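Both complexes shown next keep chain A, but they swap its partner, so chain B is in the first and chain C is in the second.
And then the complex of A and B:
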């Protein structure tokens, strides 16, 4: 049961990360494209039947016109069928290959707001996809960095023992005893708040990795210490194997399950950390969407008092991702335990 | 006693290290408190020079750190660039509010988690347990920010709760009972948010700790001896399960403080969280420094409490110390 749900979670996460890796293609519009005529538009409804009741196999949408109540009504005079793999805003695939194909979009005067629009009339779905690139990969790379650091430090400490071990483990204790979010914010203040988003993102990742290594390091140290004393390792050493060989051949392969489990636990934690930082306005600046700074919009009083529920979609995405990672972590613990 | 003094020394060293680290990080930041003022065409160069000198920004970093340490010795914790006053008063008041919020939330969370976890541990394998584990999984997956926002939405929509702050206007004129009520009214939502973020982890650990103990041979012996359930759980199971739970209390404080920061900001609770964010935005270094120190002190204080409780309750640890 657990392994099946873990596998399902893994597939979902793979799919999400694939979408987040190619945001330009999956998002109908660019993340900064504004349509000032349609602020806070609700999610666009997809229709199959037109006003005369005729069935259309390709779903279509209607245009919007503002009504007197400050909201929008559908303008049924013109239909805009969904277009797949059509040309739209240009972007660079993986930051390299220029392209303008989008998975789904509609023809020009029509606007496809699958998840509604924000205060500046930007498509929330597109921003959610682009924001996923920032939030998901910040968590992933941050965790990868923390695991690499932790694995290295833990393996060294456990393998060599002695003074090196005690120094490294004391350091990790100090790091674990720190109020990490406060330090994260203080560390983020190294850079002025208006640094270019790409640089800010890199810094967030470095900080996450730099503060996250102690816990995996301690666990991996335990594994490395117990393996270093096993007979087959001692025998290999007796045959003249070098330390590097022993670490690579005998110690590191055994730490695999610990690393996987810790990874599944760390990534959602780091995704949330990035979201927290950006939410507070000290992470990635709002010119590039991240799930954190998108959620920051919800803090405004005028948003809270109105019915713009679709602004909560980034939160829903966050819950989904965290849940999937937790299932994965549980699956990893069960199989390795 | 030796145990205590060693811990205190440890804490002091840690505080010194944290202050140095934060100071260095702040020094590495390009620009300083005055850089935004320099961009303002209405402020003359002479004014900037004067302020530079008065705030001590023209001195070397080492000198400033030294002056700051001296000011710490006078219990002022440096001067705020913005207000020109010693930082200690403002940060102290904010830290008290944070302590208040997280202290009450911790107490409440344990008051909920202990009986709930115990109850679940006794009923292993039944539907309630599966339901509860599903509920805790779900709650664990909801980020603190989102919880706080949802509760804020509730406050705004229903008007049952104030949407921010710690006390109403005119708090000073109220009698003590009305004051208490007002405080509870304001604290209800932030405390709820904080409790909801920490309870799932606590319940899981309590359940696991009691599960191990209830399985153990000595408790089966106790049951076999015909000792009634209540006494069995409170007198025998609880002390045996206490050790990992107290350690958990010590370890969970860091995440408690982080959650408190986000909740304080969302709910405008006048704690160290909002103070820190404002100070970071205006590059008011000494306020940032003092807040980081205050959070470290809160953390050490919590860890020390956990250590002392462990020392008092677990004879195994006492023997080790001797």
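And then the complex of A and C:
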């Protein structure tokens, strides 16, 4: 049961990360493309039946026209069928390969707002996809950095013990006691205001990883210490095994389950950390979308009262990712136990 | 090679007044090995006989540089093939261990990694020391499995340690130890965890392998009968010191020190017939002394049937007794035991 839910979670996360890795293709529009004619548009409705009741196998949308109440009404005079793998805004796949194909889009002048639009008429679904790239991979790389540091430090401390162990573990306690959120804010604050978003993201990742290592380090230290004291490690030493060999072949392979479980717990934690920072405006600046700075619009009153879709989707995405990672972590714990 | 030339060969291992102590938190350190000297000639089999806590394992660990972090050598020298091992860097020790001298531990089940197939564990010892291909290491590992008289080398090669019996596991460990054809094999109670039949098989294996490989053997045990079958010379350890050394047959038939004499009396005698021996088993009264710090006089004094007054205050020094024999006792006995 648990393993099945964990496997499902793993597949979902894999799919999600694949989407986030190729945002240009999965998003209908670029994250910065504005359409000033359609600010605050609600999610576009997909239709299968037109006004005369005819069934269309490929869903279509109608254009929008502003109505008197400051909202929008559908203009049923023209249908815009969804177009798959069609050309649209150009982007670079993985930042390298120029392309303009999109998974799904509609012909201009129709606009496809699957999750509505923001004040500048930008497609929120596209921004959510691009924001996922930032948020998910900030979490992932941050966790990878924390685990690499934690694994190295923990394995050394546990394997060698003694003074090195004391020094490393006391250092980890200092790091755990530091209020990393304030440090992050401080580190961000000393950067100039025009810090490019990519650099801001790098800083976020470095700080997440640089302050996240103590917990995995302490767990891995325990495993390494118990493996390192086993007699087969002593016996291997008696046959001429070097420290490096013992760490590589006897200690590190045994820390695998701890590393995976910790990873599955750290990633959502770090995704949330990035979201929190960007929400506060000290993470990734709003010119590049992240789930955090998208949720930052929560600070606008009208969002709460009328433009619910601004919040709903990034929030849901966040809940989904966190839940999936925790299912994965539980599965990993059960399997390794 | 003539016996004359053999005596001209330099010692393979020369241990001089080696001391080992273990530090303890908030207490005086334990002096587990006290000024022990030991010489092993190439190809020779030396047995160390002693009870638990006599320091015999610490001696072996100190020789191979494998003492746990709490333990350290506080003096003396260990020369192996002319190289001083004490103070030698870890990298140099790593090159030596497994290649020139190898060690076999008491619990074969613990000495093998439970996560690796045994064939690979044997081959990796070779690959740690020689530049050989994986295929060649595999070939050699299979040879070694046959050499240690494993019945089905191919299936054992692919087995995990837990799938093997204790005797098979110990044979695998011995194969690991021998794959580089070391000049000295140190075996620390290698048969203690095994049943008698398996034990006998392993003792036989040690005997034949030693002859085949012209390898010296330092065999550590609490069981005098094993040494009778294996060792050329025996050194008896008690409370961190060597109290007597003698050729194996001399020691087992006519020990001079009261401790080995008493120890040998503890081995139940085999007499003809079944159930006829109803005499109570012999027990040495008392316990071995604390070594933190060691007693001022002879460590065996409180348990000794032949003690003198001076035994309490003066520690006996090792005295030559006859050719290749010595004893550390103020009142050694002559002739066969009572």
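Basically, the second predicted complex is superposed on the first by the 330 of 337 C-alpha atoms of A that agree within 3 Å, B and C clash if a C-alpha of one lies under 4 Å from a C-alpha of the other, contacts with A are read in each partner's own complex, and residues count from 1 in each chain.
Here, a residue touches a chain if its C-beta (ideal position, glycine included) is under 8 Å from a C-beta of that chain, and two chains touch if they have at least 3 such contacts.
Keep in mind it's a predicted model, so treat the numbers as computed, not measured.
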| item | value |
| --- | --- |
| Partner chain(s) touched by A:326 [first = chain B, second = chain C, both, neither] | first |
| Partner chain in contact with A:318 - chain B first, chain C second, else both or neither | first |
| First (chain B), second (chain C), both or neither touched by A:102 | neither |
| Partner chain in contact with A:83 - chain B first, chain C second, else both or neither | neither |
| Touching partner for A:254 - first (chain B), second (chain C), both, neither | second |
| First, second, both or neither for A:127, with chain B first and chain C second | neither |
| Partner chain(s) touched by A:182 [first = chain B, second = chain C, both, neither] | first |
| Touched chain A residues, chain B compared with chain C | B |
| Residues of chain A that touch chain C when the two form their complex | 161-162, 230-243, 245, 249-250, 253-254 |
| Partner chain A, residues of chain B touching it in the complex | 14, 17-18, 21-22, 25-26, 28-31, 137-138, 140-146, 149, 152-153, 156-157, 163, 254, 257-258, 261-262, 265-266, 276-277, 280-281, 283, 288, 291-292, 295-296, 298-300, 303 |
| Residues of chain C that touch chain A when the two form their complex | 64, 66, 69, 90-91, 94-99, 102-103, 105, 107, 110-116, 124-125, 128-129, 173, 176-177 |
| Interface residues, chain A side, partner chain B - complex | 174, 176-183, 185-193, 268, 272, 275-276, 279-282, 292, 295, 298-299, 301, 304-305, 315, 318-319, 322-323, 326 |
